[in-house]
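Written below as structure tokens is the structure these notes are about.
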């Protein structure tokens, strides 16, 4: 039997009163309604709760059959009269509590599957789960409670901390360092060689990569993301940082703590990203840059020079966001500007 | 022995008359020429047929040694006088017929390789092919005639329909739904967690992902593409949709039937893409958008607001294509506009 | 025991005199200093050598504790007075020599792991290393000294040359050709079907892909990169070309010798790239183009028409770099241009 976050058996419904209490929200309506789960506004049925935290989805309320709503206090008035709801100031932490309650992720037993190939001088902590076809090379250390998903490979002399999860098909190159409470999704590659060559007599000769890739504690990395090792010196992803799918982190990049990099982001070699930085999807940065703490880089922007701490940038090349907006507006008005110049030319011609 | 699409033994040549008949084209020239296969214009030899459906490749005709040509009726006149050809109105369906004829993909026997690790409560259909080192977790159902390539992992309680192909190294996370006649190429990841966090006391806390990833019938997905599961509610790729390599489909994205997404496309969370949509390579869309049926998004464009059905957009941010062309033209003329203003200023100075 | 490039036991320090001799550099300072390795300027200790080849890192010199410096002759004067240094004209080849010396990559023994699944009609050269869970399908040939990393799959009737390295989790589709001295990093997929469909009665029908993917000698390809096979005719990556992580090379693309493609580059179908071409990170090219020899495509640029040999382009769509710079400058001056037009309008109004 698996238990969910609150210790209840999965599948146990909540009354709306209990739900309100769980999320520390304000109940408005019938507290005895039984909630069996969450569902999108346009799919929720009478036994389900729907969620509203963005104005644009308000239009779905009219036809929603949800039994109740979890709603941001900001949009409370959009909920149809008479519908029961739980109102919260911070909708996402509340949503998270409910999803933790209703989620029923199977608890996976510790085991070392007998197909796993485990090298010499390997230290396995207690309570580890080593799934089928895992390869652990020589000199590796795996911390307590860590799970290595099917087919994962941990290269020689690497370490993985405790309570980490490597989903199926993760590859860790030799001498990498993976912290505790780290989650690596399928197909993520940590520690491959960086893209470094030097031309000698017309041939691109490889620069050896003898540095490491270090993933600190509480990092989560999405599917098919790549983090190269350092050439000399290390590549580092700081504690609590979250990285989405299909992201490229090149050799010797340093990412500070608690930053967020969305999907398809690319960071070129040796660039340093501060703490608490946000990079939107498909954003990128060229090499040898510094992006300061708490900087925000908009979706699809291309950072080509240093960004100061706290700055918000957008565009390609990325500029301070206000400047980019002004630039876009100027270009937008270009048609009119041309007409104005034509008027002036006509006037000047008449007087000429 | 394997048979090709037309039931002939692979390697059996066609006469040009037979080829014309196969593609329902018009023969012009020597119908007795033996065709052993297709080859590019600049590589084809006397026993091979070359293909012309784009004007830009016409320049290769002069030096081509092809034995015959398959040509779009549009470019019929470009073929050198005296060369034998088959003329068709729709060149790509005709090309497809010939490639089906000449292709000799081995027919792979059904088998369950004895290295596969198969959990409990697994239902395997008849005629399945389970290749080496496949992992099928508990509660999975695999339909008749489906092939799971080497090292593929099908997570617990997932289903795969019939006659689907998972190439080597595909990973399906638990509780995913894969339809029939689906093709997933190597390294594709279906159902990994979306990139969803909420900040609680300065820490990015993960939003549980308890929705599913659903891949409907007749979908093909390229190599190393990622499709995340929904947070609550599902991520869905509609029937007949085709997705190229290295594409990111984020949590709760909905893609309608028969859409095409080229390589390196990125779709951010909860965005809904209609039916019959075309997104060119590297195009992207930010989250919570709606892209209407039959919309066309040009190569490398960035969709940042809703797109109406049938609209063609380009640019970053993406705009109606005509508007973007005008904008580009305006920018292109800027140097001249500056000169015109200088002339006016000079004139105004003289008269001042 | 493993030996490094110079035949010394790993861990053996160099005197600064020996280091200078190894890189054919000029010694300035105390030649008896013992060097145990290389480290970044801000991390190097007294037993380590730091490296300076870019002006922007000069600011780190003041606080560096490095025992000695390897420095480009261009920046020699930036090194603090009294510090010992080796001065070279070409810093990267020199760095490479030192990293080869200090690197201690384990020498991996030849072996065929007993978990490997090897088909019929397979030819394995001498001295190969076949790691756990490798699958080699029927009719494959693997050259002498080649290493197939854990879980790699070599599809039927493919060949791999000698002294090549396939890191863990590489997949080679059937009938591919991989040369000698090739390095393929984890998760790279060679020979998957291209994205080719033709609409027949409203349905996207797949164009068969019966061409091959050919990777010539001395190519290195990064992690999670995809190279599709040709539809008819082949996809080809030329000798000595280096490709970074997460790159898409579509069907029938031809890349000449000694080109460099950085991370997240995307090349659409049938485009031909010459010899010695540089494509910066996230650059892309649409289909059916020609990019001439030695062309340079800047970071994040989008090539939408043919590029002449030797040309440097940037922007989206990509233009000759000087033209793009002028265009950017014109847009930058737009605010001022508007003001100038306003002045003219005011003047014209007064005189009107």
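Just so it is clear, A, B and C label the chains in written order, and each chain counts residues from 1 on its own.
The rule is short, and it goes like this: a contact is a pair of C-beta atoms (placed from the backbone, for glycine too) under 8 Å apart; a residue touches a chain by one contact, two chains touch by 3 or more.
Note that the structure is a prediction, hence the values are computed from the model and not measured.
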item: Shared interface numbering between subunit B and subunit A [over half = same, under half = different]; value: different
item: Superposing rotation of subunit B relative to subunit C, computed on C-alpha atoms, to nearest 5°; value: 120
item: Between subunit B and subunit A, distance of the C-alpha-averaged centres to the nearest whole Å; value: 26
item: For subunit A, residues that touch 2 or more chains besides their own; value: 115, 133, 151, 169, 187, 224, 246, 264, 316, 331, 334, 337, 341, 344, 348, 351
item: Residue numbers on subunit C that touch subunit A, as the complex places them; value: 37-40, 43, 51, 54, 56, 90, 92-93, 95-96, 99-100, 102-106, 113, 115, 131-133, 149-151, 167-169, 185-187, 220, 222-224, 240, 242, 244-246, 258, 260, 262-264, 280-282, 299-300, 316, 331-332, 334-335, 337-338, 341, 344-345, 348, 351-352
item: Touch list for subunit A against partner subunit C, complex; value: 115, 117, 133, 135, 151, 153, 155-156, 169, 171, 173-174, 187, 189, 192-193, 195, 197-198, 200, 202-208, 210, 224, 226, 228, 231-233, 246, 248, 250, 252, 264, 266, 268, 284, 286, 288, 302, 304, 316, 326-327, 330-331, 333-334, 337, 340-341, 344, 347-348, 351
